[in-house]
């Protein structure tokens, strides 16, 4: 097992008075793929969004506990959330490219970081698109609107866009749930490539996907972390009855 | 695939120093937020400034009143005297002014005439009795409301309950077009067409009067009442309608016994805002009501409204003169009244709507 | 009575109400077009009024209205957009400040237009203008009297709510995912607003501007005593000059003219010009707004 990148300690989250995450603790290793599975509404996406403080945007959310990234508690009051999000990128369930050209989408992150020199931007755009394995498909239409691409391509643009700010961790919230099988396969292949360099945390509905792509799997149910282990263990020899029931499709 | 870091030195320098363990001060964000907040306060500031500046110019009247207690008492007696002979015509009011001149042989404090029955701001002995203006405004508002409210509410009911979706898509924007007609255009139409047509139909004496003005001002209120009523009706939860239709009620029964009662607070709010619109309408009043300040209950007599008085006379007054102050006083009253109406619609009726749906959920 | 008959009658009454309103709208349009069309030609649009305003065109009124609404828009749109950004992006729905601002905006929207006129007279002319004269011109009267600038500013306050409401509506149709995408890339709030929210609200800002211009072009009461002039033989040369306006021209010609009947063609044609102007502006705005709402769905 690799070094621990993210360490979560007794994390609880409330929407108003409604307890959505209950005392979650887990260790997420570096440069590996960790999958969160569970029935919808179990808190897996909410949990994912605590790792880059995306829940800050929602009113009425209170969080207790700690999330340590590289041994720094990201809920400390001195934390710079903007820089945190540069380190922890996020890919969303619905691909959300900006209504700009492919090039401008990718260059968005570097530009807000003050990079304006065209040659550097060109380099970053090309590199990021290559990393996201979509360079060959879009290199001739870099200046067309990103919205003119297919759903699967749009999602890979979003991945490239996120890579362009040089993150260390990439959070993926059901990145392939809206895509066809071929596009899904491409994304999964990409995840496999990316884990060589990035720590990847993926939320998925699809257990086969978790089994195919991840090194570790965590099962959530009703705001609880039921079980977390190496993926092959979870899928072949789970410790808990609840996990086994879920894996075999008896609920959820 | 072996990933080679192609990033340039500049990028490395920029990105590798990214640390999040200390809050970073970003001037542009800080500055933008301050500016945006400050500018957003402008709306509040403008409302406050309107209060301050409209009232400020009206204030001198009250100062005079306090110094002239004796004069006020004299006036009180005299207005009672005037009231006995009051018959609602301008001529009588004229006599009254003449009488008062003879009796007292001196000029009254103009401010103390505010509650008299005569509006004669431009004369040797100016009188600023606002009753005829109040009455005129009330009369016109009532006529406009009686015309506009039922018409708009019925039209809204048709649009939201009975019309097919495709027809609704046409009706709504067409009626809302009326909101885009400048009031001076409606006033012109009233002056040129409605005045003549109504005179032919009803055969009254003065071509421009409270009735023509009222109907024309009603036109200005129709889009407001219609749109807000339609919104209120549409906002009634679909479950209400479906439940009623499911029980075998007709669309008409559903509309009048289920949807309409549920939307009553919203419709009240619509009517209240409509009143505000009519009350403050200036150009139509100036052009279509005839502008004679007299006390009369006859809807076909000419009237002068509060706002039309400001519009007609402000351009001619001397800056800082009593007449000027009185016009600002009228403005203050208009402002207070529309402010109160808006507050009523906003807080009272809105809360009623919210409570209703919550309790029924 | 039979229920079906009752249904038909009641539905009929509501339907007739709709038809009556539409009939009135069509009548206003028809009367204005029929009355104004014959006199509407290039000379009418491009000439000054002649012979004591009984002949000639309305060129200065068109220019006056145009310039006044442009200054108005320049003043109102930035303030409106920024206020809308505050309401949509910064203010929490429950904060007292946001509620107060919202209430203030609604109040501005319902305050009678004549009150804005009074305010313009009392504040811009009587307070700001008089003080400017005292400070800058040694007491000589220049800004302390009705003029183009004060009339435009007065109108800007009147149209401020129009801009705010349109822009806020447009900002709110921008999906949360777009903001999240930007923030997740490490953009700050202001960077997100600048590069994602505002570009996405361009059509809303345009709608608000057009609606404001349309409203400002048609309103007369606020400029009655803050800058509109009965007749000018020259176009205004400076912001401290008075100006002629289409709406005011209609009012003056139809009520104060020495020979109302002789100028009827001019009155109708001027009304037609004003109506066409506000009408086409509204049509553009409505189309834009329809597109924005469609996007929201």
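Order as written gives the chain letters A, B and C; numbering starts at 1 within each chain.
Convention: a residue touches a chain if its C-beta (ideal position, glycine included) is under 8 Å from a C-beta of that chain, and two chains touch if they have at least 3 such contacts.
From a predicted model like this one, the values you see are computed outputs, not experimental measurements.
Ranked by number of C-beta pairs in contact, the top chain pair is B-C.
The chain with its Cα centre farthest from the Cα centre of chain C is A.
Chain C has the Cα centre that lies closest to the mean of all protein Cα atoms in view. In this assembly, the C-alpha centroid of chain B lies 17 Å from the C-alpha centroid of chain C. Between chain A and chain C, the centres computed from C-alpha atoms are 48 Å apart. Put simply, the C-alpha centre of chain A and that of chain B have 54 angstrom between them.
In chain B, the residues touching two or more other chains are 18, 26. Counting partner chains per residue, chain A has residues 82-83, 86, 113, 165 touching two or more of them.
Residue positions 186, 188, 191 of chain C are each in touch with at least two other chains.
Interface of chain A with chain C (complex): residues 52, 54, 57, 59, 82-83, 85-86, 89-90, 92, 94, 96-99, 108-109, 112-113, 158, 161-162, 165. Against chain C, the residues of chain B that register as touching in their complex are 18, 26, 28-29, 32-33, 35-37, 39-44, 46-47, 49-50, 53-54, 56-57, 150-152, 154-155, 157-159, 161-163, 171, 173-178, 180-189, 191-193, 219, 222, 226, 250-253, 256, 273, 276-277, 279-283, 286-287, 307, 310-311, 314-315, 319, 327-328, 331, 334-335, 338-339, 341-343, 346. By the touch criterion given at the top, residues 1, 3, 6-8, 10-11, 14-15, 18-24, 26 of chain B touch chain A in their complex. Chain A contributes residues 72, 74, 76, 78-84, 86-87, 110, 113-115, 117, 120, 123-124, 126-127, 131, 165-166, 193, 196-197 to its touches with chain B in the complex. By the touch criterion stated above, chain C contacts chain A in their complex at residues 92-94, 175-188, 191, 195-196, 199-200.
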